[in-house]
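Quick one: this structure, given as structure tokens, is what I'll be asking you about.
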Amino acid sequence: MTDTTNTPHRHIPDRLDNPVKSAVFSWETLLVLVGVAIFTANAFASPYFLNEWSLSDLTFNFTEKAVIALAMALLIISGEIDLSVAAIIALASTLMGMAVQWGVPTPGLVAIGIGVGLACGAFNGFLVTGLKLPSIVVTIGTMSLFRGLSYAILGDQAYGGYPADFSWLGQGYVWWVISFELVFFIAAAIVFWFVLHRTNFGRRIFAIGNNALAAQFSGVRVARIKFVLFCLTGLMSGIAAVMLTARLGSTRPSIAQGWELEVITMVVLGGVSILGGAGSILGVVLAALIMGLVTFGLGLLNVPGIVMSIFIGGLLISVIALPILYRMWKERRQ
Amino acid sequence: MKLITTLAVTTALAAVLAAAPAYAQTRIALVVKSLGNGFFEAAARGAEEAAEEIGDVEIIYTGPTEPTAEAQIEVVNSLIAQQVDAIAISANDPDALVPALQRAMQRGITVISWDSGVAAEGREMHLNPSGNDLIGNTIIKLAADHLPEGGDVAILSATATATNQNIWIEEAEKVLPNYPGINLVATVYGDDQSDKSYREAQGLISSYPELKAIIAPTTVGIVAAAQAVTDAGKIGEINVTGLALPSEMAAHIKSGASHSFAIWNPIDLGYSATHIAYALATDAATAEPGSVIPIGRVGEVTIGEDGQAAMAEPFTYDASNIDEYSSIF
Amino acid sequence: MTQPLLTLSGISKSFPGVRALHDVSLELYPGQVTALIGENGAGKSTLVKILTGIYQPDEGSITVKGEAVSLPTAHAAFGRGITAIHQETVLFDELTVAENVFLGHAPRTRFGLIDWGRMRAEAASLLQSMGAGIDPDVKLKELGIAKKHLVGLARALSIDADIVIMDEPTAALSQKEIEDLYVLVELLKQDGKAILFISHKFDEIYRIADRFTVFRDGEMVGKGMIAETAQDAIVRMMVGRSVDHIYPKTQAQIGETVLTVEGLSHPTEFADISFELKRGEILGFYGLVGAGRTEVMQALFGITRPSAGRITVEGREVAPKSAADAIEAGIVYVPEERGRQGVVIGLPIFQNVSLPSLRRTSGNGVLRLAEEFRLARTYTERLDLRASSLSQDVGTLSGGNQQKVVIAKWLATNPRVIILDEPTKGIDIGSKAAVHAFMSELVGQGLCVIMVSSELPEVMGMSDRIVVMREGRIAGIFDNKGLDPVTLVETAAGIRSQAA
Amino acid sequence: MIRFFKQREVMLLAIIAIIVALVTTRSSGFGTPRNLAAVFNDTAVLAMLACGQLLVILTRSIDLSVAANLALTGMIAAMINAAMPGVPVEVLIVGCVVVGGLLGAFNGVLVWKLNIPPIVVTLGTLTIYRGAVFLVSGGTWVNAVDMSDRFKELTRLVFLGLPMLSWFAIVVIALFVLLMARTSLGRSFYAAGINPTAATYAGIDVGKTKFIAFTISGMVAGLAGYLWVSRYVIASVDVARGLELQVVAACVIGGVSIAGGIGTVGGAVLGALFLGVINNALPVIGVSPFWQMAISGAAIITAVIFNARGERKRGRIILKSAEAA
């Protein structure tokens, strides 16, 4: 045992679990089943559901939020959170609206929207990583600040008059019933999946989320990565602001009110641990689809929105609680 | 998991059964700014009344949880998917709803707006509860009638983004010169939240010691302002007036915090919107300037050059008639 | 013969997949210290948790003063007069000393409310009686680790317990503080209290214990009177075999200077640190807890920022601003706090090993799992890691095996200098020997090692030269040839000074 | 250190006093005792909720469902009052505390027994409770006419120059001070937050402590439900929407550490008063109400930075003793 050089070494296998087996018993499988169940239920419940335009409209219920959720997932996996995303949309949209009044053309507007998002994200990132403040309170603060600035600028006014080509970003279709927003979301999801699960950067995010201190002691530049993630979340919020503004064709300070909670719900429902360190992009994408299916399906039945939100809240708690309850029940039986 | 599936399937079956006989009818969706608002509940009752009168009409009363344009678009999208025959909407934003409603029109759905309007390109016509100028004049007049010597008045509005409130305030400011001595000192916003409106009213009371009247052209605001005046012990000194439902203001009329207020009848508004939507959806009428559309017991409306029509003059309520109406709406 | 104050018999406890204790028994006698001895993982901590009401035994009985009892909660254990001073200071940083002493059993006023005045007074007199000059009104976080331990002890005494459990109480204490603790233990014995004393250090067991009980792999394998038993006999019981070479230090070829530190200073933690490290050398850092050794190492590793000084590695000046910079410069650090700073619990073994080397295992930033597995296997097998697979969560490994993962992680980066901070603290004798053997092997291969240790035998047994630190400064640098341990202890304590 | 924390509360009090003084120079009516009493009355509910939230945050949790809880219990109370005016208001108040407590306990059970992170639990119950208001009321409002006089009057009755609403708050705050300073339960919230492991060894059931914190927070929210509805004489789905973040903000401004274990009742109350003064001062000095949100956001950020500076003021920073686990 004390001799570490001469005796042949004990072999340690790479893995024990069959990867197929672990994939079958995963959170994502559960989400797929829930999604299929809801899809089937929708198809039975409403004769209008199985229609290409209905399915296309359905995607507008979640794409913008889901675009933010992709970045939020990375941020939450790293152990931080950003409650200011909806407020970033408001501020970015307001400044885009302001630019319209000065006659800025579409590319300029897009740049402004994305730039403002990035700047807001960088501000959050600076407060959290530079001044070492807890992200939950920082972003409660910036949530008021960003939206507050939007109110201060716009007051009781609204910005409109967006150029026609700008509105394509929120309303246009790339091909048949496939909207630009959906295409962008799918492309972004693939990029985020690749970054999180297939790159060093992604691996470091998981390491930080599991144990930031040990990650730092292993040479991971924790503050820098967290800062980048805040910027990324701001950037995606800026992009969501562009798409939402283009879809609405107008800006008011109350735009995207309450979205932060929906985005976080999406991420948590997708199996991302709110404590950090675990989660997958596939889960988030599935959760976004499920939320879209639920809200659109209930909408087709003319269920009031507030009842839908009960459903979403219940779904959030129950998908997390049920596996725990099941495990407790199994343990008790043993 | 199992629970969710069971729930979903049960809901599905129930919905199929309920929806089955609906196909032959004309389905009119009454879309409101947000559910849970007494004004819109009353309008929905009017719509049901009209539906019963007409016969083969099914009313879908719906709206988002939060009064935002995004949420309302989701509701409109699901109505488009259901291929309803007509949408009558009170909009949270005049511009943001336009693309969604245009899509609805392209799919052959009749779209009108009522109460809070949509920009002209997003609807076939707009039904104003009353003329904007009439309302603007009324709210100032309500205050002036009780201030023969003139004095300071302030306006407490709803959210700063509410289209109709802003238009009325604009109209009110226009007619101000007709009321000499009436001095509009401030316009504040209570966001249609009781606590904020209350606080704003308190702020007005303490900042303007000479304040004689608070005008709140919104029902949450007027109730909160009346309460603030009562709590400040200023009954008799400050008159609260504006637009509100009689049931909500009955207590304050009796206490004297408010001498009078006005409102159009929301039941009639829902009733009229339904009649107009039905007429347009069944091609019994066309939405062009000058066309006259009959609206049952309320009479008829004429569509103006701007594609808008006004239902009726606001009706004033005071101590003499409040009891009669407060039990109705 | 006196009756035992507490008797455990037939205690068993299992966790999913692990049998922690099997049919163990233990007696504690009034006025006597019973040492509980065993390697890590032998079940000592589980036993302590059962005695303090944190865990419930699956089987077996507990008898206190002849009465069969059950201890469903920590509160119930309190009620039976059982108290524990834990390995780490498990107290409350943000509360005052007085409240730390009395939390949960504070003196009350007539109305049942907490009587702060009496609490402060009682805490003050208790601390005074222990000879600890601690203000009961300061917050605990203002105190150093040793004083925190004293507060923990005061807390145990305040409960007026009959049975005191001390779980490695000297692990974080300096030599002087350990002496003070021994005095307190004597006082407790004279008071007729029964003491369970858990320790890895044989010298102290022989110094203060009256009896011993040895656990191995969750079973009781021997007990007896200390005075009648030889040290080897106990060691054999512990490990089930005899350990001959605890310190297999072999002399490596000492080469040219690799690391030079000149005048390294920090505003609050240390000042004017200068030393050299040569190829093939093990440099021991000895000193009392709080002498600033860890802080110096963390400055070399880029975690703490020094205010002045020069660091050169192989002739090139480096100024690490982060661990990443230090790793690039060839300096790596095995931290003392393995669980918090060493391993990323939640990630599998192979990802822990590859974490600092990702740049090399990946292609343009894209992960290559096969490369990572290869890297991880090379180094973990070399260290004889005991794991069922490389995809196993590192958190499921024992302390010793986690330490091997940390070392493997650093070897994979091809370092120049390895800093080991208390490398064998809290790991069992078997793993300890493996770590020591491996250190010898490393220097044999031309690496150089800095080893921070508070264990005198370890420092003396492993180092070529020894740096002694005291109050943030270097108090002396000694060649280990023929060095008298008394010199080291006295230098560290400030009794003797040496011009290095 | 105790002295330092006391100083921080004094500092916050001083800042509030300076704001009041500055506003008074612009509008003389603001600084009068009468108006300040009105501001306090206006802040009463927020201050009470902040006390409840304090307990939850101390135990390293967060309760985002308080405003929804308030709306639900308030609606239930108003509907019972409207349907059965004969039920004494005192009974209704006790009922509100019980219902609110049950809603809080539901959060607590999920956190305690199922170990679900508090932010997830209360994010879920926030939407569920808010939706439940709609379900029980069917979307309709309960108006002044529907409420009994006593129901409306109880919060306004003036006693020793202050309305009863203020007295409710004063009593609740006093009870909290007593609870936190002088009872073992109160101290156990601190212990559980500062060091859960140590708390367990000291005989404190950390999970149960969290459960109790959520229950108490719910009870306060329930009481606030009645007070709110009575004060603004309206019960609707939208009541107190978004108030949860203001409650958390009040705690943060008052120096409560979101990481748990640090914070005082005085701090939480002062944090609430700070927000109350700002909210009341802006319309008075004629700052556009549209700036209100941005200002309170900036105040929160400043407070967090300030708190962090305070917490970091330590002598020797030795990494390994930073968190004695």
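Letters A, B, C and D name the chains as they come in the text, with residue numbers starting at 1 for each one.
The definition used in the following text is that contacts are C-beta pairs under 8 Å (C-beta built on N, C-alpha and C of every residue); 3 or more make two chains touch, one makes a residue touch a chain.
Protein identities per chain, from UniProt: A = Autoinducer 2 import system permease protein LsrD; B = ABC transporter substrate-binding protein; C = D-ribose transporter ATP-binding protein; D = Branched-chain amino acid ABC transporter permease.
In this text the structure is predicted, and so the values were computed from the model without any measurement.
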{"item": "Intersection of contact partners for chain B and chain C", "value": "A, D"}
{"item": "Selected interface, A-B versus B-D, where C-beta contact pairs are more numerous", "value": "A-B"}
{"item": "Chain separated most widely from chain B, comparing mean CA positions", "value": "C"}
{"item": "Computed distance of Cα centres, chain B from chain A, in Å", "value": "36"}
{"item": "Centroid spacing, where centroids are CA-atom means, of chain C and chain D in whole angstrom", "value": "43"}
{"item": "Two or more partner chains touched - positions in chain A", "value": "151, 155-156, 253, 304, 306, 309"}
{"item": "Of all residues in chain B, the ones touching two or more other chains", "value": "35-36, 65, 160, 189"}
{"item": "Chain C residues counted as touching two or more neighbouring chains", "value": "303, 340"}
{"item": "Chain-to-chain touches, reported pairwise for every pair that qualifies", "value": "A-B, A-C, A-D, B-D, C-D"}
{"item": "Interface residues, chain D side, partner chain B - complex", "value": "27, 29-30, 35, 38, 42, 134, 137, 139-141, 143-145, 156, 163, 228, 231-234, 236-241, 279-280, 282-284, 286, 289-290"}
{"item": "Contacting residues of chain D [partner chain A, same complex]", "value": "62, 110, 114-117, 119-121, 123-128, 130-132, 134-135, 139, 237, 245, 248-249, 252, 258-259, 288, 290-298, 300-301, 304-305, 308"}
{"item": "Complex interface listing, chain B residues touching chain A", "value": "1, 3-5, 8-9, 11-13, 15-16, 19, 35-36, 60, 62-66, 68-71, 73-75, 77-78, 80-83, 93-96, 98-99, 159-161, 166, 189"}
{"item": "Contacting residues of chain A [partner chain D, same complex]", "value": "81, 127, 131-134, 136-138, 140-149, 151-152, 154-156, 253, 261, 264-265, 268, 274-275, 304, 306-307, 309-310, 312-314, 316-317, 320-321, 324-325, 328"}
{"item": "Chain D contact footprint on chain B (complex, rising order)", "value": "34-38, 41, 65, 160, 188-189, 192-195, 198-200, 202-204, 206-207, 209, 220, 223-224, 227, 231-232, 247-248, 250-252, 326"}
